[in-house]
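Chain nomenclature is as follows: A, B and C, assigned in order of appearance, with residue numbering initiated at 1 for each chain independently.
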Amino acid sequence: MIISVKDLRREFVVRTPTGRLRRSRIIVHAVDGLSFDIAPGSSVGYIGANGAGKSTTIKMLTGILVPTSGTVRTCGLHPVRGRRALARRIGVVFGQRSQLWWDLPLRQSYRTLAAIHRLPAKEWSARQAELVERLDLASFLDTPVRQLSLGQRIRGEIAAALLHSPELLILDEPTIGLDVLSKERLRVFLAEQRVAHGTTLLLTTHDMDDVQRLCDRILVVDHGRLAYDGSLPGLVARVGAARVLTLDLNKPSPPLTGIRFTRLVDVEPDGLRQRLAFSPHETTAAAVLAEVGKRTDVRDLTIEEPDIEDVVRRLYLASPPPPR
Amino acid sequence: MFANGFRRWATYRGAMAAGAFTNTIFGLIRAYITVGAIGAAGGTLAGYDAKAGITYAFLAQALIAPVNIFTWNEFALRVRTGDVAVDLARPVDPQLAYLASDLGRAAYSIIPRGLPPMLVGGVVFGLAMPTAATPYLLGAISLLLAVMVSFACRWLANLAAFWLLDLRGVMMIYVLASGLLSGHLLPVHWFPSWLAAIANATPFPSIIQTPIDIVTGRAEGVDALALIGVQLGWLVVALIAGRLVFAAGTRKLVVQGG
Amino acid sequence: MADRLTPYRVLLASRVRSQVTYGRSFALDVLGSASVGIVEFAEVYIIFANVDALGGLDFAGVAMVFALANLAFALADLAVGHLDQLPTYLRTGTLDAFLLRPLPVLAQLVTSDISLRRLGRAAVALAILGIVLPLNDIDWTGARIALLFVAPLAGAAIFAALFVIAGAVQFWLVEGAEFTAAFTYGGSYAASFPASVFAVPMRVLFTFVVPAAFVAYLPTLVLLDQPGPGGLPQWLGWCAPLAAAGIWLVAVLGWRAGLRHYTGAGS
């Protein structure tokens, strides 16, 4: 197992001022008894609402934070005690924080990282060339990091994290703030890397599309506990999360009730816009559209995916946590 | 705005304690150096005996925080970022507004930063402070003027931001000049005559040397009033200069679009 | 060994480059740093405009103490002066980035910046030293010559250790910079003057707790072959490297404890 977590717990003591002089101590259970194993070569999505404990888990996996109790082993090493050995074998990308040198061009950052990881010259220049090509970095390789756009910076960070060919790549919200095209390109790249190098992928995200395209397993964490461990279709089926098709019609139509596997969620008063919810494991958007097309003309449509908060909330409601 | 300044600084309790600690340590070091010098001079130097020298060292440290002779570049930063537009749009005069805020800050820091060094100095050495009330009354007035003179000078220094992109040079010169010439390190009365002449041609001695001279009773009666007069004079000059330069600066800002 | 130092060299080289490329601004900074040194020396000058001796040393002797202390402090400030800004590194997540690299965190922190402008102050100190050295009546032996070179280096090591401790303290006290300044800058100030002016408790504090006296005063006693004040025999002047080693031990232990606290308490 490349990651092995057993009964992991992490508490924080938060002092909040109550009144003018005193402060009360609240204990926050950021991670509350997590257990899971990740096999090498797999691709795991780690999802949960904000504050659910995702970042705290990542910190404990990478040696930045010590658990309050429980065990965690990454690449077979104790993350804190084996910090430096571990750093050679994993790559970490934080979407919200940069690990690059702010005023240096990317090229310099890579040269520095190669020196830090003591990579032989031929090896890393070949690797860098590959990454530059696949992530399309050539046009801004000599620009200082602080002048890069968010999308450029993220690509640069991912290349930095992969330069030393780690066995495990951990990404914390890598696609946050990126436009649709950039997200898609990133996902394609990560999938390729996995195939080409067998890199294990652990990805925390709020974006279900990231999970859908990249991960073959999902861990859902809620209030520091594991609420689900399985595949995405399984999760969607389990909570009955729906995709919602918003239809703009050419002329006012009666409510589109009674279409198989769909539920009419909303009809605007003029009948020109209607919303249908359906479960992706029961039918497809195309099938629903075909049925609708038999009844009326569709001018335009949008599809909403179930959002993480919704999925997690439903999951939580479906199977409440065991009492403490 | 006074209350605002007061309240803003009231949240920095930890920093106050730390600052007072540092002041006390420096006060102790300076006191010993001063005593060493006075001893080497045969027990008295320019009218200071050992006790007076020690008192001077601790008073200088106690006053550092209220008069704030070191860097202040809040306004310069606002000019640089363009936030100054907000200040200009307000119906309150910026120079007076910041002055009021600075007075609030000074008022707040007097006790937490001023008392600890004096207490330690008193306990370790015993300080030579006057027993009459007049020096303290006049000293309070002098201190008030000192705080304002210090502000007026710092305000002027900040105004350079209207013309200069990088204020580091100006600020550095200001800190060095004010640090030495105000009497913060050693009494101006100890300066060789040429240096003393330079110092007295600047407003800086009014910031530390003068209030200390008055509150310790070194300057009394008419002399004290004369010194207060000098402080007032510098205050007026500095404030007016500040207003003139400010007008020129805002003119430049408006013309060039800042 | 050279191979192990390469990443540090690369990191420092880029900091050096970025500071020197802005030529005019850099020159101004160096000038400013030199001015600080001059103004501080003014204090010594003013005192000796009034008296002939301080703490048992004459002007040339006190000037030598001042110059050695300033040189040592300028060198330390140049290398690790940024360490008392630890909270900035914590806030920007830079310390976490350090933890994710296969290098010791302290080494990365030290090489993350360098303040070349302090060379101005170092130059002033060297100039003063160059001027007053011949004014002192020194009986030059091989050992004393060696001490002349070792003392500033040991002194820089001592101040560097104080900066590390100042940084480590801020793992616990985020507002700690104001507090630790009493020992880093206060120590520098105390080191610039003969420790003989201090009463015994202060003398002990600034010799055996914060080894300020080992930086300049005690080596000066050896060079001038002067007796020390009560509690500080002259031969201590040879022990500056020992003092440096001792304070570095404290610094490393303190740093490790601080880092443990950081990873244990979270951020």
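Simple rule for what comes next: a contact is a pair of C-beta atoms (placed from the backbone, for glycine too) under 8 Å apart; a residue touches a chain by one contact, two chains touch by 3 or more.
Values in this document were obtained by computation on a predicted structure and should not be read as measured data.
The minimum number of touch steps separating chain A from chain B is 2. Taking the mean Cα position of each chain as its centre, B sits at the greatest distance from chain A. Counted by C-beta pairs in contact, the busier of B-C and A-C is B-C.
Nearest to the global CA centroid, when each chain is reduced to the mean of its CA atoms, is chain C.
Averaging Cα coordinates per chain places chain A and chain B 55 Å apart. In whole angstrom, the spacing between the mean C-alpha positions of chain B and chain C is 28. Mean C-alpha positions place chain A and chain C at a centre distance of 47 Å. Touching of two or more other chains is recorded for no residue of chain A. Listed for chain B are no residues, as none touches two or more other chains.
The part of chain C that touches chain B in the complex is made up of residues 25, 28-29, 32, 35-36, 39, 42-43, 46-47, 49-55, 173, 175-179, 181-183, 185-186, 189-190, 193-194, 196-199, 202. Interface residues of chain B, counted against chain C in their complex, comprise 12, 14-15, 17-19, 21-22, 24-26, 28-29, 32-33, 35-37, 40-41, 45-46, 166, 168-169, 172-173, 176, 179-180, 185-186, 190-192, 195.
By the touch rule above, chain A contacts chain C in their complex via residues 10, 12, 56, 59, 62-66, 80, 83-85, 87-88, 92, 94, 97-99, 101, 103-104, 108, 111-112, 115-118.
On the chain C side of its complex with chain A, the touching residues are 3, 6-7, 9-11, 14, 18, 92-93, 96-97, 99-104, 263-264, 266.
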